[in-house]
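The next part holds the structures, each set out as C-alpha cells.
Same chain, two partners: subunit A is paired with subunit B first, then with subunit C.
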Partner chain A sequence: MSWYANRTIEQKRVVWAWTFLAVPLAFYVLVRFYPTLESFYVSLHSWRLIGERRWVGLDNYVRLATDPVFWKVFANTFIYLIVGTPLSIVLSFVVAYQLDRVRFMHGFIRALYFLPFLTTAAAMAWVWRWFYQPVPIGVINNALASLGIPQITFLASTTNALPAILATAIWHGLGFQVIIFMAGLRAIPTSYYEAARIDGVTDWTILREITIPLMRPTVIFLVVFSSIGYLRIFDQVYNMTTNDPGGPLDSTKPLVLLIYQTAFRSYELGYAAAQTVVLFVVLLAISLLQLRLMKDR
Partner chain B sequence: MATARPLPAYLAGIRPGRIVAWTLLAIGGVLMVTPVFYMLMTSLKLPHEVYQLTLIPREPTLENYFYVLKDGRFMRWFMNSLLIATIVTLSNVFFDSLVGYVLAKFTFRGRYVVFLAILSTLMIPTEMLVIPWYMMSAAFGWLDTTWGIMFPGVMTAFGTFLMKQFFETVPDDFLDAARIDGQGEFAIWWTIAMPLVTPALSALAIFVFLGNWTAFLWPLIVTTSPNLYTLPVGLTTFSVEQQIDWELIMTGASLATIPTLLIFLIFQRYIIRGVVLAGLKG
Partner chain C sequence: MRILKSLAAAALLAVGFAGGVKAQSVEIEYWQYTFETRVRAMDELIKRFEAANPGIKVKHVNFPYNDYRTKVSAAMAAGQGPDVVQLFYGWLDDFHNSKILQPLPAAAFPAAKIEAEYFPMVREMKRDGAYYALPTAVRSLSVFYNTRLMKEAGLDPAKPPATLDALLDAAKKMTKRDASGNITQVGIGAGVEWQDQHWWREVLVRQFGGTPYSAEGRQVTYNSEAGLKALTWYVDMFRTHKVTARNFMDEPQAAFRAQRAGLMVDGNFRIGALERTRGLEWIVAPLPSHNGIRSNYGSYWVNGITASSKGAKLDAATKFLAFVTTPEAMQHWLDVTGELPAREAAAYSKSATESPIYGPFVAGLKEAHATRFVDESAQRQLVMDAVSRILLENQDPAVSLKIMAEAEQKLLDGFYKK
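This part shows the complex of A and B:
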C-alpha cells in the first residue's frame, strides 16, 4: 500500500488503467486471439473429435481445392454475396431517398420498413418456408393458383431455392440499411440543395451530382457490412432446408453451413478449421478493400 | 431522426409525382410487414382456416398458444433466451464501457497497442472461432451449460469501440474536478462519466440484446439438452417435429417475435436512434 501511496497522481492512474484492463485483456487473449491461432493450427491437422490429432501439413487445403462440394459451396456463397449486396443496397437507397422526402406518415412508414430487422431470422425463416410451399399449403402458390397462374417450385428446385432464400435474407436486412441511408441523407446540408436549386438544376442531376457522391462513406460502410452478412449467411438456409440442410443437392449450401456440417455432423475438425480459414481470408480481403476505399476519399 | 425536417420551400407544393412515390412507398412498407402480420394472424387461426388466403381469422382463437405452451418447453426456452440476452447485455454495458473509458481517458504506454489489438478482433468472424470455442468448452466442462452459451459474447470489440468514441466527447474537466474532490477512479467512471453517455449505452444495449436474442449458430452447437435451448434453437427443433401443422409453427415463431416487436413499439424512437448511433459510430 505504501508503494501505491508514494506514486504521483499520473502514476496512480496508470496503475488503475491496467487494473481496469486486466479482466478484459485476459478475455480477448483467451476467447479471441488464442482461438484464432488455434484455428490455423488445427487446420493443419487431421482430427476427428475422438482420437489423436495428426499433423498433415496442408493436406486439408489440398483436399478443399479438389473437393467439388467445396467449390459448389464457394460459388453459392459468392452468389449470396454478389447478388444480395447490390440488390439490397439499391433497394434500400431508393426507399430511403423517397422516404426522406415524405412527411405524411413518415414515422409510420419508416417503422414498417424497419420492423423485419428486429425479428429473429431463424423464426421468420419458417414463415417464409411456409409461404414457399406448393399448393395447397403455401401462401404464394395458393395466391397464384387463385389467379390461375401456374405454380412455382421454390425450395424443392435447384435453381429457385437459392434466390428464394436470398430474398428472405434481403427482406430481413433491408430496414437497417434504410435507416442508415436516411441518417446519411439527413447529414447532407440543405444549403447544397438550395444552391443547386437556385442554379436551376433538375432533381435527377442533384441526385447524381450531389447526393450520391456525398453518400459515398455511407455506401461503403453498408456495402462492407452487408457483404459480411451475406458471406456469413446461415440461419435462414439452415431453417429453410432442415430436411436436407443446404439442399436440394447442395444448391443452397453456404460456407458457414458446410463448416457446421463438417465440424459438428462429420466431426472432421481439422478439415472444418481449414474451411474457416478460407472464410477468414475472404472477410479480411473485404475489410482491407473497405479501408482502401475509405482512404481514397 | 424522430421527426421529418421541414422540407425546403421548393418541395412544399405537392406534385402528382410525390403522390405516386408516397403510394409506392406505402405499398412497399405494407409488403415488408406482411410476413410478420400473416404469421401473427395465422397463429390465431383454427386448423381448417390456415390454408385459406384470408388474412384475418374468422374465428380468432388462442387454442394454438395453449397447445404450444402446454408442455412448458417454450416457456423454458423463452426464459433461457431472456436470461442469456439480459446477462450478456449487462456484461457488455459494464466491460465495453469500462475498456472504452480507459482507452479514451487514460494516458499510458501501450494504450494504442491495446486499442488496435481489440479493434483487430472485429476482423475475426465468429464462425472461425466456433471450433476452438467448442474444444475449449469441452475441456472446461462448459458444453451444454448456460455459461457455455454466454461466454463468447460477454465483451465485444464493437461495443468497446462505440463506447470509446463517446467517452472521448466527455470533457476532462468534469473528471478532474471529481479527482480533486478525492473520488476514486472507479467511482469517477461509474457515477460521473457513465451518466454522460447514456444514449450510447442504450444503443449498445439494444444491439447486444437483439444480437443475443436472435443468435442461432453458437447456441445450436453448444447445447444438446432441450432444457438449455434458446428460443431460436428450440423453435427449430419444435418446427422440425411439427412439420405439417403450420399454425403451430407460426405460433412458435410468433412467440419468438412478439417480445422484440413490443419493445420496438414502446421504444421505437430510441431504438432507431440507437441503431443509427451504433451503425455510424461503431
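This part shows the complex of A and C:
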C-alpha cells in the first residue's frame, strides 16, 4: 500500500483510470479482438466445427476469388450500399427540412416518422413481406388487381426483389436519420438566417449557401453510420426471404447472409472465416476513407 | 432443534446406505431438439425407463432446433457432450467422420436383427458393417386433399387420384382465377423448398424411369432423360398448366390450411397442424403412381451413443437406446407425436394401418428411399435454384438440370474426398 501512498496525485489518477478501464478493455480484448484475430487464423484452415482443423493455406481465398456466388453477393452488398446510402440521406434531408418548417402537429408527425425505427427489424420485415405477396393476400397486389392492373412480382423476382427489400430498409432507417438531421438544422444559429433575410435572399440560396454547408458534419456522420449499416444488412433480407434466404437465385443475398450460411448451414467454418476477413477489410477501407474525409474539415 | 438435526443426519445416512446397497447409481445425459410433443413423449419414456432400471438416471436436455446442430457439434468438440444424442439421419456421415459416435454394441443390436425388423431405409445408418444409430420413428410422404374443394370441383373424395395424370387433372379442376387471370386458389400447393424437392428426387425421377443417385449415393445419376422428364413435369405445373404459383400465400401448407389449395404433397409431421385447423376438412391419399411405379421418400431422426460414453455409462446408454427402440416405445411415440414406428411390425399394427390418416403414410414406408445427404440444405438449394432458373429466367430445363447435377456432383466429391 505504501507504493500507492507514495504516488503523486497525477500518478494516482492514472492508476485509477486504468483500473476502471481494465473491465471494458478486458471485455474488448476477449470478445472483439481475440475472435477477430482467431478468424484470420481459422480462414487458413478447413474446419467443419466438429473434428480436426486442417491447414489449407490460402485455399479458401483462392476458392473465394473463383466462386461466382461470392462475386454476385459482393455486387449485391455494394448495390445495397451505393443505392441505399445516398437515397436514404437525400430522402431524410428533404423530410427533415420540410418538417422543420411545419408547425402544425409537428411533434406528432415527427413521432410518426420515428416509429418504424423503434420497431424490431425482423417484425417490420415480416409485415412488408406480407404487403409484397401476390394475390390473394398481398395488400399492394390486391389493390392493383382490383384496379385491373397486372400484378407486380416483388420478392419472387430476380430483378425486383433487391429494390423491394432495399425500400423496406430505407423506410426503416428513415426516422433515425430525420431526427439527426433535424437536430443538425436546429443547431444552425438563427442569426445567419436573419441576416440572410435582411439581405433579401431567396429560400433556395439560403438552403444552398447556409444550410447545406453547415450540415456537413451531420451528413458525414450519417454517411458513415448508414454505410456501415448497409454493408452489414441482414435482418431485412433474411426475414423477407426465409423460404429461400437471399434468393431467388442469390439476387438479394448480402455478404453477411452468405457468411452465416457458409458457417451455420454448410458448416464450412474456414471458408466462412475467409469471407469474414474480406468483409472486415472492406469495412476497414471504407471507414478509413470516411475518417479521412472528416479530417479535411 | 438438536433432535431435529440428528434426525436429519440419520435420515441422510440411511438414504446414503440404501443407495450404496442398491446398484451403483449412474446418470446419463440425453439430448434432442425442442419440439413440444417430442419432449413430452421422451419425458414419459424416461420415466418408464427409470422405473424399470433403478440406479440409472437419465437427464433430458433439449434446445431449439435452429441452434441444435451447432450446439451439439460445439459441445462434442469441447468434450462436453451427452451419452445418447439425437441426430438427423443425413448428418451421420459428418458425425461418423468426426468420430463423435461409437458403433452400437453388436451384442445388444445385432445387424441381422435390425435389417429383419426395421424398414429398409434404416440401412442408411450402417457404416463399415456396423450400425451407428437407430430411429424410434420414421416419416414418409402422402397427398393431402381438401375435401370441400374436391366436391366443389366435382371430384369424389372417396376416390382420390391414383396416378400422376389424375392428380394433375384434379389440380386443374380445383384451380381458380379472378377476372384478370390471377390465381386465387391453387389446384396444388407446391414449393420445391418444402417437401417437393424430395418428391422430385426420390419419387418423380424414379417414376419416369431413372434413379437419382448411384447405390452408395456418391454419383449423381438424375442427369438423364428420366430426370429431365421428371423436372419438366414438375415445372410444367407452374408454367404450362398453371395449376399452382410460386410463393402462393407464402407457403403451400399455409394455403392448404386457409382452404386456398386443393391438394399438397407433405409428410406425416403435418398432421398435427392440420388437425388443429378449425373448419378444414381433409383426407390423406398415397402418393400417386406413374408408369406403374410407386416410390416414396423417408426420413427420420436417430439416436446414437457418443464415443465419450464408457464403462457403466455405456452400459446404461445401451440399455436406454434399446428401451427407446422397443415396439412399445414406438407405439407411445406414435400416440404422442404422430410419427410412425421404425419397426415394420409396430408400424403395421392395426391402429396405424387402418387409420385413414396414418394408413397411407405407413403404406408409403415400404417403398420409401432415404436420400444420403452430405449437406442437406446445400443440396436442397440446388434443386430450388434449378427450378428458379427455369421459371424466372426461362432457362431450358435440360440446361438447368445439367448445371444442378454438376454442382451436386462437385459437392459429393468434395465431401467424400476427405
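The criterion applied here is as follows: the second predicted complex is superposed on the first by the 275 of 297 C-alpha atoms of A that agree within 3 Å, B and C clash if a C-alpha of one lies under 4 Å from a C-alpha of the other, contacts with A are read in each partner's own complex, and residues count from 1 in each chain.
Simple rule for what comes next: a contact is a pair of C-beta atoms (placed from the backbone, for glycine too) under 8 Å apart; a residue touches a chain by one contact, two chains touch by 3 or more.
The structure presented is a predicted model; accordingly, all values stated were derived computationally and were not measured.
Peer 1: Of the two partner chains, subunit B (first) and subunit C (second), which one does A:A26 touch, if any: first, second, both, or neither?
Peer 2: neither
Peer 1: If we overlay the two complexes on their shared chain A, which of subunit B and subunit C does A:D235 touch? Say first, second, both or neither.
Peer 2: Only subunit B is touched by A:D235; subunit C is not.
Peer 1: I'd like to know which partner A:A285 touches here: subunit B for first, subunit C for second, both or neither.
Peer 2: After superposing on A, A:A285 lies clear of both subunit B and subunit C.
Peer 1: Check the residue A:V62 against both partner chains and state whether it touches subunit B (first), subunit C (second), both, or neither.
Peer 2: Touch partners of A:V62: none, neither subunit B nor subunit C.
Peer 1: Classify the contacts of A:S266 with the two partner chains as first (subunit B alone), second (subunit C alone), both, or neither.
Peer 2: Second partner only.
Peer 1: Could you look at A:P116 and tell me whether it touches subunit B, subunit C, both or neither (first, second, both, neither)?
Peer 2: First partner only.
Peer 1: For A:A195, is the partner it touches subunit B (first), subunit C (second), both, or none of the two (neither)?
Peer 2: In the superposed model, A:A195 contacts neither subunit B nor subunit C.
Peer 1: Compare subunit B and subunit C by how many residues of subunit A each one touches, and report the one with more.
Peer 2: Between subunit B and subunit C, the winner on subunit A residue contacts is B.
Peer 1: In the overlaid three-chain picture, which partner chain does A:L155 touch, first (subunit B) or second (subunit C), both, or neither?
Peer 2: Once the two structures are laid over each other on A, A:L155 reaches subunit C alone.
Peer 1: After the superposition on A, what does A:I180 contact: first (subunit B), second (subunit C), both or neither?
Peer 2: first
Peer 1: What part of subunit A is shared between its subunit B contacts and its subunit C contacts?
Peer 2: 130, 136-137, 264
Peer 1: Name, in rising order, each residue of subunit A that touches subunit C in their complex.
Peer 2: 48-51, 129-130, 133-137, 141, 145, 148, 150-151, 155-158, 243-244, 247-249, 261, 264-267
Peer 1: What does subunit C use to touch subunit A in their complex?
Peer 2: 69-70, 73-74, 76-77, 94-95, 97-100, 178-180, 182-184, 191, 193, 245-251, 260, 375, 377-378, 381, 384-385, 388-389, 392-393
Peer 1: Going by the contact rule set out above, which residues of subunit A touch subunit B in the complex?
Peer 2: 9, 12-14, 16-18, 20-21, 23-25, 27-28, 31-36, 38-39, 42, 95, 98-99, 101-107, 109-116, 118-124, 126-128, 130-131, 136-137, 139, 142-143, 146, 171, 174-176, 179-180, 182-183, 186, 190, 193-194, 197, 221, 225, 228, 232, 234-235, 238-239, 242, 255-256, 259-260, 263-264, 269, 272-273, 276-277, 279-280, 283-284, 287
Peer 1: Considering the complex alone, what residue numbers of subunit B touch subunit A?
Peer 2: 1-5, 7-8, 10-11, 18, 21-22, 24-26, 28-30, 32-33, 35-36, 38-39, 51, 53, 95, 98-99, 101-102, 106-109, 111, 114, 117-118, 121, 123-136, 151-152, 154-155, 157, 160, 179, 185-186, 189, 210, 213-214, 216-217, 220-221, 231-233, 235-236, 239-240, 246, 249-250, 252-253, 256-257, 260-261, 263-264, 268, 271-272, 275-276, 279-280
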